[in-house]
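My questions all concern the structure below.
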Amino acid sequence: MSATLLYALTGCALFALGLGATVLVTEPLRRVLAFNVMGSGAFLVFVGLAQRAGVSDPVPQAMVLTGIVVAVAATALALALIRRLERDDDDAR
Amino acid sequence: MNVAVVFDGVLAAGLVWAAAGALLGRDRYRAVILFIVFGLLMTLAWVRLSAPDIALAEAAIGAGLTGALLLDALGGTTAATAGRARRWMVLPLAVTVAAVLAAVLRALPVRSGPLPDAVSAALPESGVTHPVTAVLLNFRGYDTLLEVAVLLAALLGVLGAVRHAEPVRLASAPVLQAAARVLVPLMMLAAGYLLWAGAHRPGGAFQAAAVLAAAAVLLALVGMISGWGRPSLRLRCAIAAGPLLFLAIAAPLAGRAALLVLPPQHAGLLILLIEAGLTLSLGFLLAGLFLALLRSDPVDTGKR
Amino acid sequence: MLIAWLIVLPLAWALAAWLAGARRGATIACAGVLVQLLLALALAREVAAHGPFTYAVGGWGAPLGIDLHVDGLSALLVLLTEVVALPLVLYTRAWLVAQEQDGTYLWPLLGLLLAALHALFVSADLFNLYVTLELLGLGAVALVASGGERKQLAAALRYLVASLVASGCFLLGVAVIYGIHGTVSLADLAERVPADPTTPTLLAGALMLLGLMIKTALFPFHGWLPAAHGSAAAPVSALLSALVVKASFYVILRLRLSVYSGWAEQLDWLPALLGGGAILYGSWCALRAERLKMLIAYSTVAQLGYLFLLFPLLAVGELALTAGALQILAHALAKAALFAAAGIALLASGRDSVAGLASLAGVLPLTWFAFGLAGTSLMGLPPSGGFLAKWLLIDAAIMRGQWIMILLVVASGLLAAAYIFRILSCAFRSAEREQAVALRPVPRTMEWVAFALAAASVLVGLEANAIAGLLGTGGAR
Amino acid sequence: MLEFASTALMLLGAGFFFAGTVGLLRFPDVYSRLHALTKADNLGVGCIALALALQADGLASALKLLLIWPLALLASAAVSYAIAERAHALGTPLGDAGADDPP
């Protein structure tokens, strides 16, 4: 059980935790945290699994780099929507 | 050898603990702080997986920018705590899914795919010596082109959603401004170094852009620059310049046979050009994701 | 070369439209989509003449670089994207003027969305598909939210969370596939995966399928679609229902035909079962819907389920694929026409309830004609494209002896007729005509666009052999 | 010799971190905790950076490692000022041992 595979299995745990929390927790901000954790889990599995034989592989690393940038874009959009929804709440109250 | 195994074990446990704390904890403020801790632990994990580029990106973007966005979002929202009812259902579901995934992945034969050798074989013609940058900007440059489009879509979505906000300028704090005056030039220097180093060492356009964005976030927080209302034409041109340059280089123009063909003899120069353009534009873009969302300081408006 | 421009051009004019501001942005968008339509026509003609071709981006070739594979089906869908996009761009321009809104963020987002659609239909690389799906999802969410109203923002947030969960599952599937086979190129995987039906590959396939089903809003996962398509602006929901939702279905079809073609026969009943459930549930909700756009959105849920009936019949070969392609074409055009007409009704009467349509009885004849024509195509009455799709599907079902399938196909036609007549019946209720509310003038171009889209949906039936020809040369293996 | 010096510095750094954490847990109010954190931890960072610099392979990487220390000092000084100023603005009381806040 090499170290990289340990990180791949941690990735599975994080993915499952994130998936469960995104689906079940109803509070919007917590859901943003959840799908970020889910994404990080998937990235860990991507690199951990690809490098389980100990050979460092640049292709999944480049893909995960793309994934992290996409994740921050999605997070910013989600937070903007939450901001507007809760600003309308404040005005409504 | 076992010290490394202990370290990995503790780090893996720490990751899961921080993630569970962030997602299932009661108080929102603690959750965001734990999420930032989770981002920093992820950075360590990427270093252990010998992926320095991702560690840089995770620290700058995953923990840094996302953390700043979350803390800023936390300021205004009412401290409603998540409904207890459905949260206990998360753990059993997570444990079963994780068990299934782990069981299947453990059984896989331990071998490495063909691509690492293919990359090192094609590296000489890629124009750069660092494999990750070669994959990111030459072999799979098409993914990066679409990824820049994703960032643009997100910025347009953010600006479209909060467009009515007039630009906000936080109260200026003289001491912090002094610190910012020292830090910001150093951050710009670091961004330039990361951009230049990307060709032969871990670094590159996205990490450099994230550092530039961090400098802009710092300036905004200390009240030296204001948030964004409706971005002026100059700002929009700055953001569009990098992607347009990338498109111009990528498009099959002037004899280049196909999309994104970088002739080997001056591929290095072209990649540096693309990366420089992207660093500047994505720096503004990532900063824009934060500045468009900037809110007035809750303490001043007494909305505690 | 054509395909490169079909991806670079929309990105370029999206940026130009953002820099130019709202007013000039509209003209840039119209010009851009017009040029793209010509490029798409040329691409379709080239594929029909020389058959499918593979295009190595950056010149590096499959496992290392990214390949684009253009065959009959993808050329047809790129052409469909442009055929639907051009009228909708004209419609949106008139719609924005009538609503006194400036589309500063609408035009660039439209450009990014079209680029994502083109890139997705021709991609032959799993991770590239992930990035295009993500661009499609974020672009669609941003478009839904660009309206600025509260219920649009709530629907956009729910759509975004569903889309991100789906992308996460799809990405994990890609990660596991890369871990096992060391490549993400569809061509390489098409050789390796069918010969290796081990559980990890099956698990990766299940994860990808789950993600794509959520993005296609198939029955148990359709929760986000009615709110998003129902509350978005009319042209936006037309674009989303006609094209964006179909993109992830196309990816499922592409994976099923090439990578998971080996031993997927036993699993084909699952999508068909869910598809049947979607037809019944979607139609039932459409019958009960109060608001007009919600009715049309639930009709999308039903018609998408209809597409999934295709899977058990794929073993028949070309016939099933042609039926599926026709159904995608007919439904895209008909649904775009319905949402366009609904937008006109909303603009004119100011009320979006189905009952509110009665105040339009006897007014706006062209819009009612568009409703009728689009309805015939959804119901599957001859000679519309919808009818031909249903006919070919029944043929394939008879060949495979799937009797329940025939029952479902006919039932879906009847249920579609039921909720379409709910709309059309309002046209003849002259009783409510007297207390008609003061109707606002509707720009003629909007009515002509709705009518043109509906007519195109019927014409698809007449042009079927040309479509079958295009598919025949390039039918995915 | 170098090996011995860097391990000694490493242990010293760890000691400072330990002291900082104890301070964080034990001190009564925000202000004194800030003291513990900024003072002890910064020395810890300094020692560890020095220890690593001794073992760095080249002068360039040694200098880059040493650059971490002033940056950490600047950052923690600015951050602790901001926290203290905000805590004071929100009127968090001084610890029970301290005298009342001067008017």
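Letters A, B, C and D mark the chains in the order given here, with residues in each chain numbered from 1 onward.
In this section, a contact is a pair of C-beta atoms (placed from the backbone, for glycine too) under 8 Å apart; a residue touches a chain by one contact, two chains touch by 3 or more.
None of the values given here were measured: they were computed from a predicted structure.
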Contact-graph distance - origin chain C, target chain D: 2
Intercentroid distance (Cα basis), chain D paired with chain A, Å: 31
Centre-of-Cα separation between chain B and chain A, whole angstrom: 12
Centre distance in Å when chain A and chain C are each reduced to the mean of their C-alpha atoms: 28
Residues of chain C touching at least two other chains: 127, 131, 134, 138, 141-142, 145, 153, 156, 172, 176, 178-179, 182
Where chain B touches two or more other chains, by residue: 101, 105, 108, 112-113, 115, 119, 139-140, 143, 147, 150, 153-154, 157, 161
Residue numbers of chain A (touch at least two other chains): 8, 15, 18-19, 23, 43, 45, 49-50, 52, 59, 63, 66, 70, 73-74, 77, 81-82, 84
Chain-chain contacts as defined at top: A-B, A-C, B-C, B-D
Chain B-facing residues of chain A, complex: 1-10, 12-21, 23-27, 29-30, 32-34, 36-37, 40, 43-45, 47-59, 61-66, 68-77, 79-84, 86-87, 89
Chain A partner contacts - residues on chain C that touch it in the complex: 127, 131, 134, 138, 141-142, 145, 150, 153-154, 156-157, 160-161, 164-165, 168-169, 171-172, 174-176, 178-179, 182
Touch list for chain D against partner chain B, complex: 71, 74-75, 77-78, 81-82, 85-86, 89-90
Sites on chain A touched by chain C in the complex: 8, 15, 18-19, 22-23, 28, 31, 35, 38-39, 41-43, 45-46, 49-50, 52, 59-60, 63, 66-67, 70, 73-74, 77-78, 81-82, 84-85, 88
Interfacial residue positions of chain B with respect to chain A in the complex: 4-5, 8-9, 12, 15-16, 19-20, 22-24, 28, 31-32, 35, 38, 42, 45-46, 48-51, 53-54, 57-58, 61-62, 65-66, 69-70, 73-74, 76-78, 80-83, 86-87, 89-91, 93-98, 101-102, 105-106, 108, 110-113, 115-116, 119, 131-132, 134-136, 139-140, 143-144, 147, 150-151, 153-155, 157-158, 161-162, 204, 206, 286, 289-290, 292-293, 295
